[in-house]
Every structure is written in structure tokens, then in C-alpha cells.
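What follows is a pair of complexes built around chain A, which joins chain B in one and chain C in the other.
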Partner chain A sequence: MSISHLILELVLMPLVAFLAGLLMVLMMRRIGARLQRRIGPPFFQPLYDILKLYGKKTQISHGMIHEMGIIMAVGGFVAATTLLPVPGMDGLADKGGIITLTYMLMIPSLGLALGVGQCANPNGSIGISRALTAMLAYDIPFVLVVFGAAYVYGTTNLAEMIAIQQHQGVSSWGITQMPLLALAGMMTLPAIMGKQPFEIYVAPAEIATGPMVEMGGKFMGGLFVMQCFQLYIASVLYATLFLGGGENWISFLVKIFLVVEIPMSIAFLFPRYRTEDVLRLMWKWPVMVGIIGLAMAMN
Partner chain B sequence: MTVLDQLLVLSALTVVVTLLAGNRSFGGWLATLMYAGQGILLWQMSGLGYAATPVVESSLSFQVLNQTLHWRFDALSWFFALITVGAGLCSSWFSSGEWGQRYRQSGGKLGLLHFALAFNVFSMLMLLASGELLSMFIGWELVSWASFLIMAIGSATATRYAMRYLTYAIAGAMAILGAMALVYSITGSFEFDAFKAAVPAMSPSMLWMLFGLFAVGFGIKMALLPFHLWQAKAYAETPGPGAAFLGAISSRMGLFALVLVLVQLVGMAQLAKMEIPYTFLSARDLLAWIAVFTIIFPTYTALQQHDARRLLAWHGVGQTGYMLLGIVIAGDLGSAGGLMHVFNYATYQAMLFLVVTAVIHRTGTSDLNKLGGLVARMPISFFLLLIGIIGLAGLPPMNGFVSKWLIYRSLIVDANPLLFVAAVIGTLGTILSVYKLIHNIFLGQLRLEHTEVEEAPWSMLLPMVLLAAVVFVTGYFPGLVLDWVSAVQGAVGLPVLAHHLGGVAMDKGGLDMIWIVSVLLAGFGIGTLVFFAGGRSKRVHQLDNYAGGHFLTAETRYQYSDNFYPGLMHLIGPWYRKSFRWIERGFVSFIDILSQAMQGIYRNTHPVLYLLAVVVIALSWVVSQ
Partner chain C sequence: MSELQKIPVQSETTTVGGSAKRTNPLAHVFDDLMNFCRARSMFMLHYCTGCGAIELPPAMTSRFDMERLGIQPMVTPRQADILLITGYVSVKTLKRIILTYEQMAAPKYVIGICSCTVNGGMYWQSYATAKVLKDYLPVDVYIAGCMPRPEAVIEGLKDLMDDIKTGQAENWKRYFQNYDHYLGNQQKLFGEDWQTPTDIIAEARHYGLMTDNTLGEHTALLEKHQRPLEALGMRLKNREKQARE
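Right after this comes the complex of A and B.
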């Protein structure tokens, strides 16, 4: 593959990710609305929201790190999308692999944490303390899943994982090869996406707490963009590990939207968990299921 | 005179110079130049680091009891020596300028610090150059006493912990001496080759005894569990540049000796063959599990610290676990990761300690609950600390990621999920803890008394910038360090890692940091464009903040720092029962009771009777012979 072709892919992949992410945000909001017997926002609402936030006249900055944090959060996700193969584009899949991706996904969290930290608002810092604790909670079952997948496919290269699954059809998909690991992954997905019932650290409904407390205008807009990428990456990663990736764009989109849709529909029905309960829950059920699944997969 | 001779002589001269002129203002700079000279001499031996020359001999040698003591450098020694001299250079540079002046004015013994530093470097070079077990033991003792010297310079607390270290160090030295006596009784020689040749014929019980004694001896220096209690406090209380030096390299001498004896001479294959009865574990697995527990427990202890230096020192204990873990996995990936982590860790740990020292220099405290918001006053230090913590946490694009990646990847190849998850748990704990470090020092609200604080002076910033550059560049081009690491692998008989400038090319998922870091930087570039596409932002004062309807004033402390992770501590807090402290105290009490009992028996109760019994037994033994 020529360098120019690769660079074209590297430009296209984040764009695709952003557009799909916007649609996922829309879908999620619509699901929430339907469950609460509302109609939900119109089709272009996520885009309007971003444009509105970026166009605001009052943009309050608490300093250079506040701004840098948002840049790191968005930039880290933009870079991470190039490690995730989509139909027809492998990007940098062979140069990073799943371990690199796992660690790359922590950079946006660190960026956000730094940005919020400079706001000098204890409510923001409390949100970050909760967010990092939640990361510790869901990453342990997540790395079990990562290890299981890497072991079963015998590679850390995501493009190769997809090729192996597509070569042999549904019977070789991760979800049939390692159903318990797939279940553990599904249980951690809402936490990875930072959505209900594990969204206490974001505290979207409370003005005074959570990382967003000092965020407005384009800072908030940056976080909105980040959310789009977050949903996209989590769903594509899940589809890559367990659902055979995308044979073509249609099956790819169907799969990744299903991955967001199923846990979201269930998750909206649950009450919110406190931070220590997130830890307890994540370290108990998904880890237990994951370890059993791993034992079965490695047997 | 070989290059190695020149190096050792220059190092000894540095000791003399610091002894004579360490208290003068030019003494530190002269020593710094001499460290640079040692670096140049080391570079003249760079054939070792690129596997071009196998060994550089020293002409120093003498005979004791029919044994020849001699000294030489191979790739392993060279690799560790490079780190040692680099750490010495940066620490000395840092303490030669304004920091040293202030330290001397405030009553500190600057000359002693410089001398201790030079003596440490010299003794470490002697240890690294040792050519057989006897000279290794001499080097080992020199290093132990040198590090005691540098630990004991600080306050009364420091001296107390240094004394504690001394107890551990002597116990470790005795274990090593015992092991050496065993080796000598079998082979009749202290030479490495004789030992290596005798290993296959040794009985399992003998091998276990040697393994146990050497592992305890070296493990104490490395602060492996359960011998980890001495290290963090002893390192943290040392004056800043000393702490940076100790943290970067001192306890790595234990790892060096372990690699030399257990990997190069005994061999990992031999350790893997030594089964522990009634378990599935071998001696190698035992080491791997010790390594993993050394990663987890100290890391989560670090998370609870309120003092920046102690937090870093506890991480130092934890990071040792990664190095050992990588090395005992022993494949080409794992051992490269473990060895590379020695280098990577030294670069960012030295820098982190220096940044914290710079903060103490300006604010007078390293208490995480008494700082905050300093990024506004010390932005360069902030960025240096940021680079350091990204390295320590093992995230891209810094070098810490590459070595940890190699270790993780090798655990996947080795099909070892439990060790893998345990290693990741350590990394996650590190991320939480280093965020607390940077948040509580540099982010949040700037305290009233710190509004006039200035950035650290350039004499302190430059060595840190140098280290930061190394952390980033070796993360971008890990092949630079992997060249040396693969030479070490070849020298100690481990499988050699095939690598390129950007990382590792493998069929089943490699790593190319050049692409990864480039795409990450490009991502930040796009993030910047997206960010500045929005309207102009207005900087506001830190008190212009949402406070639930209250007006904030400068007198109100509006900061979140104490008990930073209450949710986590709520869950894991009760798990901290200071069990290791109990074990240590129990052991101390046991020794105490034992010594009192012995004293009672020999001195107070019927001494004549015992003497008579011993004489009778001895006589009957002599007669029966």
C-alpha cells in the first residue's frame, strides 16, 4: 500500500468515526426519549448542538491547561480511530494492535482530567476522581476480554482478527467462540461509554457536580465531539472482537449501531450506581464471567 | 590502560574531587563535568552496547587466597553503567546551581552530598565491572554502604530509615555470602564460568538453596515483596537530587546482580525446571508472582500517600516488579521489556524526583494537601512533570509505554492471563496515583502564599529538560534503546529481540511507535484546529468560579485534594491492614526474644555446665573420628 493511500485512509477514518458517532448520539437520545414516552430530538440535533456550542459568544477559559485538556481529549480519540479497521480501510491496525489501542484510549481521559483540574473547581475534581475510579472499575474486565480475544485469535492485530472471523463465517465469530467473554464485554460497554447506569461521574443532570461544571461553549463542544468518538470506538471495538467486524459498510453499520442500541435500551431502565457500587459491580460480575470465559476459551 | 581503567580512574578521581572541593561552588560543576567525561568514556565502549565487542577488560586485578579478582565490562554492565552515569550527571548538575547554594546556606552538607553521589557512582561502576563472584561481593558491599551514606545525609527521619535499610542490607549481604560459600564449596572457584558449568550437575536441593539465598539477597536490594518496607521512606527522605539518583538506579543494582547470576549463570530454563512440590509452580513462576505482587501492593500504597516524594518512592518499588516480571518471562519480548524498563524508568523517575525537588525549592513543601495551582507560576515544571507521569503511567507517546507494551505482549504470547491482568491493575493504579500527584501540585486553586512563586532556575530546569527529551525521543524511536537491550540479551544468553527503529515487527501484531506517535501528534493537531475553530475564549481569574451561589475570596480554600479517591478507598481501604509491617515487627520481636534467650542461657544460667557439655561433645566427636 502506498503512503498516499495510507494517509488518505488516516484522514477518512476519523471523519467516518465522527459522522457515525453523531448518529449514535442521536440514536441514544431517541431511545431514551421513547422509553420516557417523549418524541426525542430531530435528526440534525447533535450537529446543531455542536455548532451552537462552538458559536457561543461567551467562552470562559481557566487557562492554558484547560484548553490543552480539551485538545488532548479530542486529539487522542482522533488518533485512536486510525487504529480501528473499518471495511476497506485498515489504517494503522498493523502498527499498533489492541494493546496500543487500549492505552491510547486512556489519553483522552487524562486530557479531560488535566483540563478539568485547572478549572480550580472542587466539584470538577470530584467528578474526575469518580471518572478515574470508574476507569479502574471497567478496565479490569475489559483487559480480561482483550486478553481473551488476543489469545483466541493468536494475534493482537485487529485487522487479522477480523480476517480470521470473516474467513470462516459466523461459527468463528468471537461471540460463538467465546460467548462468556462477549457477555462480560457487553456488561462493561455502558461503563466504557460512560452512559447509564454508570454515568454518575459525568453527572449530566446536575449542574454543580461533575467534570463539566466549568465547561461551556467550545469546551463543552469539544466534549460533545469526544462523546461521539467514545461511542463509535467502543462499538467498533466490540464488533471487531466479537461480531466479525464489517464485511461491507452496511453490515458494519448495522453491527456497530446494534452494539450501542442493545445495552442502551437495557441500561436506561436501571437506576444510577454510586462510584463504589460501580467498582463492586464491575469487579464482581463481569470479572467473574470474564474469568470463566477465559478459562473456557483457553482450554 | 584500557578504556575501562580510564573510566574507573576518572570515577575515583570524581570521588576525590568532591571530597576536597564538594563544598565549594565550583566543586559541583567540576564533578558534573567529570560525570560527563565518564559518559564520553562509556561511549567509547559503545561497541559493547551494539554487540560489536563482547568484553572490555580492566587491567586491574590481584590475587587473594589463590583467587584472581578481576574486573571487566560486558553489554549488561555497559547498559547499567550508562544509566548510572546519566543519573549521576543529572543529579549533580541539578544540585550544582541554585539548589546547592540554598542547601548549603540552610545548613545542609553539600560537600557530603556531592561526595556521596560520586562514591555511589564509583561503587556501582565497580559492581557492574565485577568479573567474578568475589569482586561482585566487594562491589555489592561498596554499593550498600554508599547508598547508606547518601540516605543518612538527610534529616533525623532519614537517618532512622537508613539504619533500617542497613539491617536489611546486612541480612541480604549475608545471604549472598552464604550462597557464594556454597558455590565455592562445589566448584572451588569464584569464577562465573566455573559456576555456570557446575549448574547442570547440581542437585535440586542445592539449586533451591542457591536460588533462595541469591534471590533473598538481591531481592532485598530491589525491595521485592516482602522485603519492600525499607525502601520508599529511605529514598524519599534523602535530599532531592540524592533521591532522584537513588530512585533512578540504586535498587536496580539488585536487578543487575539477579540478571547476572540467575539469568546468565543459572539460566531461566533451569529455574523453570525447578518445580515447587505440590503446586503447579516452578521457581520461575514464583519469581513472576513475587514480581506481580511487588507491582500491585506498593502501587496502591503510593496512591494513598500525601507526600509527593513518598508517592514517587512507592511507585519506584512497584515499577521494579515490571522489570523483574519482564525478565523472568524470559522470551525475547518479555526480557527486552524488562531490561528496557530499567532505562525508561530511570529517565522519568529521576526527572519526577527533580521536579518535585524544584517545587520544594520554591514552595518549601512537598505535602500534596498544601500545594495546588502552581501551573500558573511554574509552567515548565508542570510540563516536565506531565511528561514524566505519562511515562510512569506507561501511556503513549512516552518511553514507559514501549517497555510495558513489550511485557504485556510477552504475557499474551506466554498465555498468562492472570499475570497480564495483574500487570494492568498496577498500571491503572499508577494512572490514578500520578493524576493525584499532578493535580494536587499543579492544578486546582493556587494558594495565597504561592502567588509570587517563580519558575525553577535554569540550572535546575536544564537537567530535567534533558531527561524529558530522552523520555520522549526514546518513546518516539524505541529502537535506539532496543539496540542496547538486544545486545544485553545476547550477552546474558536470552533470546534476542528482532526490532527496528520504531519498535517491533511481528507477524501477529507488532508495534511501530514512529507511526503511533506521529498519528497521535497529528490527532492533537486536529484537536487544536477544531478547538480554535470556535469563538475566542476569555481567561478568567480562578476565583471567577461556580460555587453554588457563594462568592469566593482568596481566603477561602476552594480545592479538592485530601482523600482524593474516596469511592475506591471505601472499597479497598479495609484491605490495608499493614500486614507486612506486622510481619516485620513480628520478626524483629522474634529476633529480640531469641537474643535475650541466648543471652540468658550463655551468660546467666549455669554457663559452666553448658561449657562442660560442649567440651564433652567435642571431645567425643574428636575421639570417634
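Right after this comes the complex of A and C.
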């Protein structure tokens, strides 16, 4: 592969991720609206929100780390998209593999923590400490699922995993090979996406949206962009591990939107769990299911 | 009418960032796009002071659904575009409203809901109520009624949307341009030593919105009484230690 081809892929992959992420945010808001018997936002609403936030005339910065934190938060996810193979584009997936990706997915939360820390708002500090605790909660089952998948496929290379699954058809998909691990992954997915019932850290009425309390203008815009990437990456990773990736763009998009749709439909029906309950729930059920699934997969 | 004439009006419109000098024809295309996005995405901070707040949940939820117009609630002034003041404003509340308003990021808009914000409404004779909201803050849209129905609230918000789309909703600039007038009214109510943590004069300078009416006798009074902002001390009450001593 020539270097110009690689650069083109590195530009296109985050762009595709952003566009798909915008649609996912729209879908999420529409699902919420329909479940509450509302009409929901218009088609371009996520884009309007982001453009408006970047176009605010007052941009209140609390210092260098505040700005760097947002760049880390978005940049971590942008880097992660280049490690996730999509149909026709592998990017850095051959070189990175799933372990690098797992590390990359932690950078945004840490960047956000740095940025929020400099705002020195007590609500923000409470929010980010809850967010990091939630990360601790979902990372155990997440790593378990990733390890199980890597063990079953015998590789940490995401492109190879897709090739194995696509070579042998649906019977070799992760979801038929290791259904319990897929179930544990699905239980963890709402937490990775930061959605109900695991979103106590953004409690609007209680701690004024937690980490976002001091974020206005372009900072908030950056977080909106981050949310698009967050939904995209979680769904693509799940589709890659368990649903055979994408044979072509149509099946790829159908799979990733389906993966987002399931937790979203559940999300708007539930209230929130408290932080300690998130921890208890995450370390109990998905971990238990995951360990049984791992044992069966290793058998 | 005589009340209206008292507000100093700026005859020539000053533009932020010196955009009048721009010769690039695409500059206006970008401004129009931004105005369109601003109109279609409004985050509102509802400062629920009175009974008008009751009309907002129906306007937001399934029956009238504000989100289809791109309007959604936000909880901190840093993220909000619209400050909704829903009902009578007592003198004590007004202080908080002004603090909140000054922390919001420009461009920002104020909507007064209910008759109480227009002229005091049924609290006209109250000693503790600030009657006319626009004396203290530049109000973009008033929605009169006691209380206005959700249809009326949405109609008012749509009026604001149209104003933003055509670039007419620039009342936030008036607060900087006529700060002396607004500060004078605030001082009348709160006393001479009234001050907020936000440095409005410096902000006006930053946006290029300084006019003859920004500074005046009231801002001079403010400077006389102004105490520099201090960071809050990190004092933790150690109850055990106190009990031992």
C-alpha cells in the first residue's frame, strides 16, 4: 500500500466515522422522542448544534489544559477510528490491533478529566470522578470480552478477525461462536456509550451535567463531536468482534446502526443507577456471563 | 411610551469583530449560515421564577414537543443561548438573574414570559418585585399572558427564531452598549455597592461594543465601590479538630 493511499484512508476514516456518528446521534434522539410520543429533532439537528456551538462569540477558556483536554478527548477517538477497519479501508488496523485500540478508548475519558480539572468547578469534579468510576466499572467486562474474542479467533488483529468471520459465513460469526461473550458485550455497550441507565455522571438537575458544567461554545461543540465518535466506535467494535464486520457498506451500516439501536431503545425506558450500583451491576452480571462465556469458548 | 424613550438608542450599528470592513462576498454567506444554525438550535436555560414555569413542561413534552424546532433545555448558563424568565421577578431573584445572564455566552437572548415580566402584572403593588424586566436586562421577546399557553410560548420562540435568522436579534449587544443605563437601574434597586463577578466593561471592550453610553456616572460609582474578585479560600471545617479544641 502506497503512502498516499494510507494518508487518504487516515483522512477518510474519521470523516466517515463523524458522518455516521451524526446520524447515530440523530437516531438516538429520534428513538427517545418516539418512545416519549414526540416527533423529535429534524434531520440536520446534530449538525446545527455543533455549528452553533462553534460559532458562539464568547468562548470561555479556563486555561491551556482545559483546551488540551478537549483535544485529547476528540483526538483519542479520532485515532481509534483509524484502527477500526471498515469495508475497503483498513487504515492502521494491521499494525495496531485490538490492544492498542483498548488503550486508545481510555484516552478520551482521561483527557476530559484533565480538562474538567482545570475548570475548578465542584460539580465538574464530582461528575468526572463518577465518569472515571463508571469507566472502571465497564472496563472489566469490556476487557474480558475483548480477551475472549481474541482467544477464539487466535489473533489480536481486527482485520484478520473480520477475514475469518467473512470467510466462513454466519456460522463463524462471533455471535454464534461465543453467544455468552456477545451477550456480556451487549450488556456493557450502554455504559461504553455513556447512556442510560449508566449516565449518572451527567445528571443535569443534580450536578448541572457534571463534566460539562463549565464547557461552553467550542468546548461543548468538541464534546458533541466526541459523542458522535463514541457511538460510532462502540458499535463498529461490536460489529467487528461479533457480527462479522462489514462485507460491503450497506451491510456494514445496517449492522452498526442496529447495534446502536438496541441499547438506545432500552436506554430511554430506564432511570439511572447510582455510581455504586453501576459498579456492582457491571462487576456482577456482565463479568459473570463473560467468564462463563470465556470458559465455554476455551473448552 | 415615555418609558421607552428613556432607553438610549444607538443610532449606528456597530458590528462585532469589524465585519463591516470585510470585502469577501463569502463572509456573509458564512454569517448567514451561522445565523441559520443559531436559529435552529437553541439551548434554553429556564429560570423558573413563577407560575409560568408550569407551562414549560407541556411545551417540551409529548403534546407540543419543542425539540422538533431544535429547542432543548440546558442546565448551565455557559451552554445556554436563551434565558427564559417565567414569571414575577422579586428583587432578590433579579440579582441571581443578572448574575446568570452575565455568565451566558454571547450571542444570548432573554425571553420574558407572563405579564409579570412585562409590567409587574398582578404584583404591581408589591414592594419586593422588580416590575419591568427590560429596565435591568435587554429582553428580546416578551410573551404576555397570565399564564401564556404552550402554543403562545412556542409562538414567541418562533418569533425569536425568525429574528435570529434575519440577524435582527442583537439585543445582547445593547447590554454592552448601554451598560450605564442598565447598571443605573440595577443600582437603584440593589444599592450603590452592587457588583457582579463579571467584568462587563472589559467584555464590551473585547467585543468592540464600547459606546458613549457604556461608561457613565453609574459605572463610575461601580468603580468606586468595586472590590477585586478573590478566589474562594480552601477552608475545610474539621469538626473533630474543633471538638478537641
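The rule is simple: the second predicted complex is superposed on the first by the 294 of 299 C-alpha atoms of A that agree within 3 Å, B and C clash if a C-alpha of one lies under 4 Å from a C-alpha of the other, contacts with A are read in each partner's own complex, and residues count from 1 in each chain.
The rule is simple: a residue touches a chain if its C-beta (ideal position, glycine included) is under 8 Å from a C-beta of that chain, and two chains touch if they have at least 3 such contacts.
Given the structure is predicted, the values throughout are model-derived calculations rather than measurements.
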Touched partner set for A:I71, first chain B, second chain C, both or neither: first
Partner chain in contact with A:I60 - chain B first, chain C second, else both or neither: both
First (chain B), second (chain C), both or neither touched by A:V213: both
First, second, both or neither for A:D94, with chain B first and chain C second: first
Which superposed partner A:F257 touches (first chain B, second chain C, both, neither): neither
Greater residue coverage of chain A in the superposed arrangement, chain B or chain C: B
Touching partner for A:Q36 - first (chain B), second (chain C), both, neither: second
Partner chain in contact with A:T82 - chain B first, chain C second, else both or neither: first
Overlapping contact positions on chain A, where the chain C interface meets the chain B interface: 55-60, 208, 213-214, 217
Interface residues, chain A side, partner chain B - complex: 10, 14, 53-65, 67, 70-80, 82, 92, 94-100, 103-104, 106-107, 110, 113-114, 117-123, 125-126, 128-130, 132-133, 135-136, 139-140, 143-144, 147-148, 150-151, 154-157, 160, 207-208, 213-214, 217-219, 221-222, 225, 274-276, 278-280, 294, 298
Touching residues on chain C, where the partner in the complex is chain A: 16, 33-34, 36-38, 40-41, 61-62, 65, 67-68, 70, 73-76, 78-79, 81, 104-107, 203, 207
Touch list for chain A against partner chain C, complex: 29, 33, 36-42, 44-45, 47-49, 51-52, 55-60, 204-205, 208-209, 212-217, 220
Residue ranges of chain B in contact with chain A within the complex: 373, 375-376, 379, 382, 386, 390, 393-396, 401, 405, 408-409, 412, 415, 417, 420-421, 424-425, 428-429, 431-432, 435, 438-439, 442-446, 502, 507-512, 515-516, 519-520, 522-528, 530-531, 533-540, 542, 544-548, 558-561, 564-568, 570-571
